[in-house]
Amino acid sequence: MSHKISEIAAALGAEAEGDLELRVTGAAEPQAAGPDQLALAMDPRYADGIAKGQAQAAVLWPGADWRGLGLKAAIFAPRGRLAMAGLTRMMDPGPDIAPGVHPMSVVDPSAQIGAGAAIAPFVTIGRDVVIGANARVAAHVSIAEGARIGADAVIFQGARIGARVTIGDRFTCQPGAVIGSDGFSFVTPEKSGVEEIRETLGTRAEIVQQSWTRIHSLGAVTIGDDVEIGANACIDRGTIRDTQIGSGTKLDNLVHVGHNVQVGKDCLLCGQVGIAGSAKIGNRVVLAGQVGVNDNIFVGDDVIAGGGTKIFTNAPAGRVLLGYPAVKMETHVEIQKALRRLPRLAAKVSALDRGAED
Amino acid sequence: MSHKISEIAAALGAEAEGDLELRVTGAAEPQAAGPDQLALAMDPRYADGIAKGQAQAAVLWPGADWRGLGLKAAIFAPRGRLAMAGLTRMMDPGPDIAPGVHPMSVVDPSAQIGAGAAIAPFVTIGRDVVIGANARVAAHVSIAEGARIGADAVIFQGARIGARVTIGDRFTCQPGAVIGSDGFSFVTPEKSGVEEIRETLGTRAEIVQQSWTRIHSLGAVTIGDDVEIGANACIDRGTIRDTQIGSGTKLDNLVHVGHNVQVGKDCLLCGQVGIAGSAKIGNRVVLAGQVGVNDNIFVGDDVIAGGGTKIFTNAPAGRVLLGYPAVKMETHVEIQKALRRLPRLAAKVSALDRGAED
Amino acid sequence: MSHKISEIAAALGAEAEGDLELRVTGAAEPQAAGPDQLALAMDPRYADGIAKGQAQAAVLWPGADWRGLGLKAAIFAPRGRLAMAGLTRMMDPGPDIAPGVHPMSVVDPSAQIGAGAAIAPFVTIGRDVVIGANARVAAHVSIAEGARIGADAVIFQGARIGARVTIGDRFTCQPGAVIGSDGFSFVTPEKSGVEEIRETLGTRAEIVQQSWTRIHSLGAVTIGDDVEIGANACIDRGTIRDTQIGSGTKLDNLVHVGHNVQVGKDCLLCGQVGIAGSAKIGNRVVLAGQVGVNDNIFVGDDVIAGGGTKIFTNAPAGRVLLGYPAVKMETHVEIQKALRRLPRLAAKVSALDRGAED
């Protein structure tokens, strides 16, 4: 598949100059680009690479001298990463799944699958499942009884959609993701040690030997539109009501979302983030890799937490967090500076102490 | 399926009042409950919700005025979460798997599957596998050669039970869990940098370029009764002897248990906990989300570790831990307080220092 | 299957004494060894176990008095763990997969599968896939269009090899691993809050409500020879060029490798390590469990990072790191000591302060 420079520019809503009829078959970094590939050099520091590669056309920063760079055509991208979104979308072939339902799949007769679906081998689709138009479901996916998925879903290999889960339109699910596992909720006959130390902040009276009884999950998971779930990520079902993921929110690989959690709209939960049960995450929250959120707390709208932050208490809207335990990013920076100076501080105090004794 | 109030109360061993013949079809939060649903309001702060919803019956805190709340019947739960266990168990429909072995499964003729089994499509069961009575095995599960699983197992979609793994009765396995992956164990021809810095606490002599040779895992995994393993959790097999998980222990999603690890009875390992190779965890240990345990150490009975705690050294029985590195919870709280005051302390020392120079 | 003592010694390149014709069927810890098992006692502290067990032969430390230990034969291992590598390799039966392609698999006619392959049930192999000789592919594995895998691969249950992924010889892939999920890369129309706080180190002007647009991943993943990927680990494809894993590198369970990341040769990434997008990891780097690496930084050759270390900035070659944020291991130890003394330091300053006021 090839694209004209004019077509790409139109798709990006960007200006183009030179031979607009020139065709490219793909995109590449400037130094690696072949003669039929579009070089991506949205920043002047990538200019050198163009001479090293063989590209005849490139996406460049605004005002770049494309003729001087030896190119036949150029597209100008005022915000490079945004241009990348349009460009990569245009060139992504998507998963290779034959149209229709593969004969080595098991689809319950009561399931409703929208027009234009492509269902790969070894897929199971349970009783009363409803899937919207144009679904692409890759090999080994299971979609359990009563699940409902909107239009234009792309579900990759081995993803697990649990019973009674509800998902909006334009859903993207990476391989191995599990949506609708049971919540991790157990109770002891008498008060447990965990309940005790939460009240006492760490002190325990007599330790009683007890076993755990399971609280089953009767709720499911409700997911909005335009949501993406990463590879091997897990979202537990709610105990009574559904666990919720708002529209526009994206989860990266290996993210864990506990039972009853509510995640708002347009959030990013990066790799290996963990949200404990019944936490509430606002809208547009960004949690960097390996962040942890305690159970039963809230994280306000627009909070941003840096990598590895462990959030134990409610976080007000707009706060920028870092550290274990989480503090304001500027406080974290101050504390770290003070820590580096701590040995010197101790030495000074010793000296003063000796002086005071003189 | 519907249940009489009297049946539910009997199942919970709880008192009930009002119209005990009233039937409910499910449970809901008070404000969301429909007229045929049982409202769950085990705490007075949920009382307001009952008026907002349409429930005619509720589970209430002891002594609640159910008539005043406009209800026709009430069940009284002295320990609300314990009532939840009985109630949700009663109402959980479980996975929808047809009885018998689905024709699109591959079951080795030497495998023994107990009476009452339900085996879904695309399941593989290997040579000499033994599975107890009433097993429910969902789609895409693999159970490899020589594995033995007790009675009443529920194994969800895509779980992987490895060769020669032994599991007790009433096993629950969430989707995508892997039990019996190979241990992560490699050795270099000469002493490695890791071995060196463990001896020197961080100092390295000459760095030698070496490659890793694999130590294969000849052991398997042995799991007791009443164990639950979370979605996409992983348990490695032992090198020579089996990795062990004691009866009554529950693992949450994405937990990692390394080779040769021994976990005791009635433990809770919450989301994304990681236990490195050959660590030994006692009984009734609770590790909150994202806790890490170093290799080759022990964590004593009844230890509780808060979220994100990194345990590097042996932890005595009954200890409550927090922090990176783990310290007693009360020490952690003290250190955090002192850290917040550190900039002020430094300023005071500077002032004293200036005074001393006067 | 049984092995003569002489055969085992030859395979290990080790000395042996006693009845070299004696046969053993497996290996065991000394106290658990049966009469036909080889006891593993490479260290004098395991000597006592031999008397408790029934082994007639053992692997012992150099110079051990095997006759005095009541044995009929002994193999001497100067570096015990290295002997374990050879021994366990010899005794590992590997996964039980029948030769040839199972009829309940779906292999595209254009795929090329090398001689000696064993392909289990419910495997899918896509268009134009190339797999080298002697591949063993377990149940439920998906290998998507255009993937290329070298000779002697062992791929366990339910692993997902994505489209256009390239892998070298002697590849080992544990169950549920995902190689070639899409990168987690999103962009907002205007500058996002994350971009802003990276420039300002935490300060935000006006918060703008924006949604995320997806940058698709056109690159794939390139993996060298002798690589092992752990259970449920995830490696994202690159945006334009491939994400790269060098020869000899081993990834443990639940490791996350983001898009565009380059990992060098002979590295060990232990359980639950996370590498954010576009980070570059050198050769022979060892990252212990739960380590995190920030996006777009480099970690130099031979770096070793202890458990839970969070690396936010470039790390020079050979550095030994610990802590959140990562510092030199010796600095971390100093800071921790100072922290323990901090309450006492504060008390001393208060006393000096009172003295100064007198």
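For reference, chains read A, B and C in written order, and residue numbers begin at 1 within each chain.
Here, contacts are C-beta pairs under 8 Å (C-beta built on N, C-alpha and C of every residue); 3 or more make two chains touch, one makes a residue touch a chain.
Everything numeric here is computed off the predicted structure, so don't read it as measured data.
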Overall pattern in which the protein chains touch one another (line/ring/star/complete/other): complete
Same vs different contact residues, chain A with chain B, by half of numbers used: different
Inter-copy rotation, chain A to chain C, in degrees (Cα atoms; steps of 5): 120
Interchain centroid distance [CA atoms averaged], chain A/chain B, Å: 23
Numbers and ranges of chain C residues touching at least 2 other chains: 104, 122, 140, 158, 176, 232, 254, 272, 290, 324, 339, 342, 345, 349, 352
Residues of chain B that touch chain A when the two form their complex: 26-29, 32, 40, 79, 81-82, 84-85, 88-89, 91-93, 95-96, 102, 104, 120-122, 138-140, 156-158, 172, 174-176, 226, 228, 230-232, 248, 250, 252-254, 266, 268, 270-272, 283-284, 286, 288-290, 302, 304, 307-308, 318, 320, 322-324, 328-330, 333, 336, 339-340, 342-343, 345-346, 349, 352-353, 356
Chain C-facing residues of chain B, complex: 104, 106, 122, 124, 126-127, 140, 142, 144-145, 158, 160, 162-163, 176, 178, 181-182, 184, 186-187, 189, 192-194, 197, 201-204, 207, 209-218, 232, 234, 236, 239-241, 254, 256, 258, 272, 274, 276, 290, 292, 294, 310, 312, 324-325, 334-335, 338-339, 341-342, 345, 348-349, 352, 355
